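In the two assemblies presented below, subunit A is common to both, partnered first by subunit B and then by subunit C.
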Partner chain A sequence: MSAMLILIGFSLSVAIIFLIAFLWAVKSGQYKDRYTPSIRMLFDDKKNNDTNSNNHININRSNQ
Partner chain B sequence: MNIEKFSYDNQIVRLFILATVIWGIVGMTVGVLIAFQIYLPWLNFDLQYTTFGRMRPLHTNAVIFAFVGNAIFAGVYYSLQRLTKARMFSDVLSKINFWGWQLIIVAVAITYTLGITTSKEYAEAEWPIDIMIALVWVAFGVNMIGTLMKRREKHMYVAIWFYIATFVTVAVLHIVNSFELPVSLFKSYSVFAGVQDALVEWWYGHNAVAFFLTTPYLGLMYYYLPKAANRPVYSYRLSILHFWSLIFLYIWAGPHHLLYSALPNWAQSLGTVFSIMLIAPSWGGMLNGLLTLRGAWDRVRDDAVLKFYVVAVTAYGMSTFEGPMLSLKNVNALAHFTDWIPAHVHIGTLGWNGLLTFGMLYWLVPKMWNTKLFSNKLATAHFWIATLGMVVWVVPMYWSGLTQSLMWKEFTPLGVLQYPNFLETVLQIVPMYIIRSIGGSLYLTGAIVMIYNLVKTAKQGSFTANEDTEAPAMEKAGGDNKKSHRWIEKRPIQFAIVSTVVILIGGLVEFIPTWLIKSNIPTIESVKPYTPLELEGRDLYIRESCNSCHSQLVRPFRSETERYGEYSKAGEFVYDHPFLWGSKRTGPDLHRIGGKYSNMWHYLHMQDPRQMSPGSLMPKYSWLIEQQLDTDIISTKINAMRSLGVPYEEGYENEALNDLQLQAQEIADDLLESGIIVEPDREIIALIAYLQRLGTDIKVKQAENE
Partner chain C sequence: MPSNTIATTEKAICYHCGLECPTDDIRINDKFFCCNGCKTVYEMLDSNDLCNYYSLEETPGISKLNEVKRNFDFLDDSDLKNKLIDFTDGKVTTITFDIPQMHCSSCVWILENLYKFNKGITFSEVDFLKKTLSVKFIEEKTSLQKIVELLDSLGYLPNFNLDEKKEDKVKEEYKKLYYKIGIAGFSFGNVMLLSFPDYLSFTDKVTMEMQNTFNWISIFLSLPVFLYSASEYYISAFKGLKNKIVNIDVPITLGIFVLFFRSLYEIFVIGSVGYLDSMTALVFLLLTGKIFQNKTYEAMNFERNYKSYFPIAVSIMKEGKETTIPVDKLEVGQRIVVKNNELIPADSILISERANIDYSFVTGESQPVEVINGEMIYAGGKEIGEAIEVETVKEVSQSYLTQLWNSKAFDKKYESKIDTTVNFVSKYFTAIILTIASSAFIYWVSTDLKLAFNAFTAVLIIACPCALALSTPFTLGNTQRIFGRNKFYVKNTTVIEKLSNITSIVFDKTGTITETAKANIQFVGNEISLEEQSMIKTLVRNSSHPLSLRIASLLRLGSKQKLDSYEEVSGQGIQGLINNRIVKIGSHSFTSGTLYKSNNSDTSTKVHISIDDRQLGYYQIKNVYRGGLKKIVDSLKEKYKLFILSGDNAGEKDNLLEFFPDADHLYFNQSPHDKLNFIENLNKKEKILMIGDGLNDAGALVKSDVGISISEDINNFSPACDGILDAKSFKYLKDFIRFSITSKKIIITSFIISFIYNLVGISFAIQGTLSPVISAILMPISSISIVVFTTVSTNMIAKKRGFL
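This part shows the complex of A and B:
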């Protein structure tokens, strides 16, 4: 079953790439802050819509 | 702080949105067509170009790679720019990505219709298209990574991680599954054979679901769901945790597609174990998506976009629970090869991919055209039509899958099959096929309603091709890092690329020797290579995609050995480049068909199946009788097979044509005796030769032993 070796080889390679990426992410402080990124992504709207979306958020907050 | 002015490229997103919508309609329309064809054979129009076997791969590829593929690009190109606070790395690469992808889709549509196919599910494209796919995919990856490198936001939001995983893994999957040896511009043979080919194909097939239909869509969910709900994701910590566990687990679960096959048992069990483990990270994603809406469920009542997301994420949860259940051997024994599997797949595609795409489009188009959605009511109507369509699609298919499977396995008290005639079990489920086709039509209708709504929305707004914006430049990494790690930490992405290339080269080095040495699958002495005529017949079987509806794998169950004959052994497939096990039994298994019927029976059956099996749903293949067999490259084919390890003698390529004609004459003579006059150079002769050969090798051995 040489195909199995090939697949395990490639799968492990992919896993190793991801492992390196994971270690880098942890080391470089990507995951130090596990809260603000989720808020920050809500605020990338274009300028002319800013007031609009901010209102939305305020409304939602008051609903909570 | 240094504020930089730049603009987002909306034009490329608009193009991808257009392509998503157009190909979505095309792909779904073909889907509806084949849903009708399956119970109305006349809808095949007696034309080879529109026959079910060729239309089914067209449908799957169109909805997966054209509809979902373009939706991924649209979603990624919009969100990536905003998440990184940067314009796409290169407008040229964006354009290459877009036009290249559309060119691939058109090439796929044309070649599949013409019967140019590798027969490997979800990867039927022939080798020139495979190369194009690899190049365009790399253009996408370079564009994405380039954007990440010039990002102005240091933190990479979780959606970006899902996009990166998608790019890396799909690239590797596509390349490995496309190892094939060309014999002409439009024909190649998989370098793997039989069981090995099956394993590679389902490693690819399973992970294509994982990394083309799942991870990019989870990324899209993490961007577009919080955006539409205007609240942060329920738990950012959970999103990171389930991302990493998902990608580490997914890649090992492929063998669950081959339970009870000739694959070694330990590999089957490995696939099952990893599949069960996958429930945790999959449900992590589903719960995170749904819980994002906690405290905002009142908005789901009014907002059509959120409605789509809620059902999409729920469908994701359902199919990721069902998947592991189907990979349990006892459940799989019942469900495999039946309509249960398309039902499972369509929960995922119609529900998760389709509805999430619709929701995303309803949110994106008003945003990009600076206006409000033309009609929230119409969007809500679309939501209900689509959801109803999905239910009407899947419920009858669960029903029919279960019904047919139980009929296949039913024995009388005397111990013989209750329904020995396969056709009887097919006719039983025709009403379910009818209902399914209504479900599909409903779903398509919903998509058409969406187009109207989106066009109206775009018309009332004004589109900004380049959206001006500004953001502070990213702070450069501090100088307190250790020197030895600096290069890697500053250039994680270059590092990832370099290691990918290195690993790919390493993989090739590992691969070539194993290709050259003989496989260690137990060989069966009596299994011999195909004769030239059988080989040509096999290529016709591939051209017509007979494996869309017929399996070639008898599983070791009494209900199957009674019906079809001896169960399939790994050693019987060692010369099968590519394997043709199939994944669905719309018609009966064909692995032991050889010698079961006369040549005349096959001839008349291909001419019009209803002559031999009244009520059969199989299309006519009458052109096989009219068309002349193309034997021009038979010696190239023999040479190619030999270099893949098939033991044709040196120099046999010169005798092949002669042998082919002799065998064809024999079959033509036999047909003549039965009163059928046919030239020996017709395609039907080659196909009959192949069908009569199927599964007979070990019968020879048994006969000798007796």
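This part shows the complex of A and C:
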């Protein structure tokens, strides 16, 4: 049964890593704005964008 | 006003802002623009290779059609600059702008690409919901003034406000809640996992040594929950008790403490498992409720004071050149220039010939007042028409308008009075629970001290009002979201509860039950031709009378006609000769030459028009009441006492009586102070909902139980209030109130459900037979069923009533 204790040790340390990751994410402000990044990720960074104008992104003004 | 709109043909649409182009003259290749301003912005973007702006979204731009040239010299003032910026180390400066014009993904894109226009900008980031833009720039390469000029030239003029630097505090608050819930969730999951053998009665297979390890880990994991995550409940309970209020956090704190210390006792003294899983679950669920309730509308501001209405800078003439200075630096006796639609920042004397001042902001009076040279203009008035020059006679902070803010209503925090249902219930709940627990203790104490102790603590554990505490945040949080979807934004969830308790409703008149200025004027009479319209416009353009300005703004076509003679008859009207035709505009007797038989029932203002002695009809300027007002008033008048407080004179009284039943409840000529005092007196016996719109209602809104400000544009300024109602949703007012009452009923129902759970739990507890397993099952089940019940029932009722 002592294998269980080792497993619990492992699972706890994994959980703690996730907890720390979460706390870090909060601290670095990732939860501050939960909307704008969803717009930002759709922008292309290409230089010449006039050609792909069929890439319309429509964002309904959020009805929060 | 269908008769005087111009027939439109197929016209090109501005490539930048999407408005119709009046001419086809302004163009670049196949792209048309409505004005040169829009074209300039396009050229700017084009030359910086930023035309992606137009491919993200069609016609994303902000129209430059009515653009005025602004002067930002005041941003050079270092005192003012220090107030505006977030941080600077002398080289790199960070500033956050408020940009209400932001509306689509193209806006986000262009604002985050600002560095391509100005090499001094190193970083720019948008928060779309808050409508803010954070910019970092290098002081050596650029200046604040240049950045603002750039933003303005793109159409994104920032909204400067000295009064809103409270954001840092809010930021920390949200972080704390996330930390707490993260830790609680982590501990809850792991402690529960370790308790599993106990749930499944595998205890015989778990050795004593292992159980011991599990217990130690559980204690270690639940310590941060007990000490940190749950701390705000202890603080709130302590604060409540100090003010002799037994709020809901008192039984919660009691429950958490008993859970924790009894667990320690069980583990160390008895050598069995504790209730640590229940404790961590409880804290986790409670905090979830808090997150759900903490919905805020970030782009809106519910706590403005007069400073946010005032311009941050004023224009002055210096060495023959116009420049701007911060309003703080304005001295008595200084001459300032006030342009069309600008606010007068301090009480002053008019230097120019004449001015039209709109005091609707301050007094609620809807008609502009004509002021002539040498007369006083009070702070808060708005100039309509040509730019004027005035000389200040008082400091900004000493003016009549700002004195309203010296009222006591603005000093104290008016939310100290906690009379929510949950606190009312918890007072009795705590007493009953303590009675039951003590009775159980007394009952057992003579036979078995250990059992007596067990029963006492078990009652406190099982009765811990988790479900009770969750029902309010989930019901009201959900209601708040439903209201928000229907364009009624409330500051916090307590407002909904207060709204369900009101007994009287007080309306402001102008802007609240009437529509705003533009819709108030309409032409009554035969159809007038375009040529005649143009003649009227030519004539009224020569007069600065407020009514002339109204008519001029209604007729949108150009006035290219030549005016051969012009005469203004004071108090009567104006006349002129255009194309050898005599055009008269004014009172009926003036235009027709006959005496006008006044019709008493009609109190609206009329401006008659005649051309060559032929009566064409008249422009009627009257209050246009909001659509559906009659229906709303009819549905409300049985249940609530309705009042009108108007800054205007009693001219509309007869019209109002068609809507409102009681003539004694209509009050006219009310100054902001009168309104405040009225609410204060009424508050002694009634619970008041006040609905207003302007600065003149600010005091009354704060003083009433629920103050709602109505707004045509929710991103605009609105006075301090508990909720902002979009004017389009005004017709649902009754439904909002009704739904708030329904929400309260749902809360009460869920209280009853949670009491039933408690009865079941307590029947175990008083016998001293509560095992950790029952506790661990009963607590989450009761809480989760309450959460499901409240959210599902609010959503279902909302759907049935057409809210969703």
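The rule is short, and it goes like this: the second predicted complex is superposed on the first by the 49 of 64 C-alpha atoms of A that agree within 3 Å, B and C clash if a C-alpha of one lies under 4 Å from a C-alpha of the other, contacts with A are read in each partner's own complex, and residues count from 1 in each chain.
The rule is simple: a contact is a pair of C-beta atoms (placed from the backbone, for glycine too) under 8 Å apart; a residue touches a chain by one contact, two chains touch by 3 or more.
Please read these numbers as outputs of a predicted model, since none were measured by experiment.
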{"item": "A:K27 touches, of subunit B and subunit C: first, second, both or neither?", "value": "both"}
{"item": "Subunit B versus subunit C as contact partner of A:A3, first or second or both or neither", "value": "first"}
{"item": "Partner chain in contact with A:V14 - subunit B first, subunit C second, else both or neither", "value": "first"}
{"item": "Partner chain in contact with A:Y35 - subunit B first, subunit C second, else both or neither", "value": "both"}
{"item": "Residues of subunit A contacting subunit B in one complex and subunit C in the other", "value": "1, 4-5, 11, 15-16, 18, 22, 27, 31, 33, 35, 39-40, 42, 44, 47, 53, 56-57, 63-64"}
{"item": "In the complex, subunit B residues that touch subunit A", "value": "82-83, 85, 153, 155-159, 161, 164-165, 168-169, 172, 176, 192, 195-197, 199-200, 203, 223, 226-227, 230-233, 236-237, 239-240, 244, 247-248, 251-252, 254, 264, 267, 295-296, 298, 370, 467, 469, 485, 488-489, 492, 495-496, 499-500, 503-504, 506-507, 510-511, 514-515, 517, 519-521"}
{"item": "Subunit A residues touching subunit C - in the complex, by the definition given at the top", "value": "1, 4-5, 8, 11-12, 15-16, 18-19, 22-23, 26-27, 31-33, 35-36, 39-40, 42-44, 47, 49-50, 52-53, 55-59, 61-64"}
{"item": "Residues of subunit C defined as touching subunit A within the complex", "value": "49, 51-52, 54-58, 103-105, 108-109, 112, 125-130, 171, 174-175, 178-179, 182-183, 186, 189-190, 193-194, 206-207, 210, 213, 217, 297, 484-485"}
{"item": "Contacting residues of subunit A [partner subunit B, same complex]", "value": "1-7, 9-11, 13-18, 20-22, 24-25, 27-28, 30-31, 33-35, 37-42, 44, 46-48, 53, 56-57, 60, 63-64"}
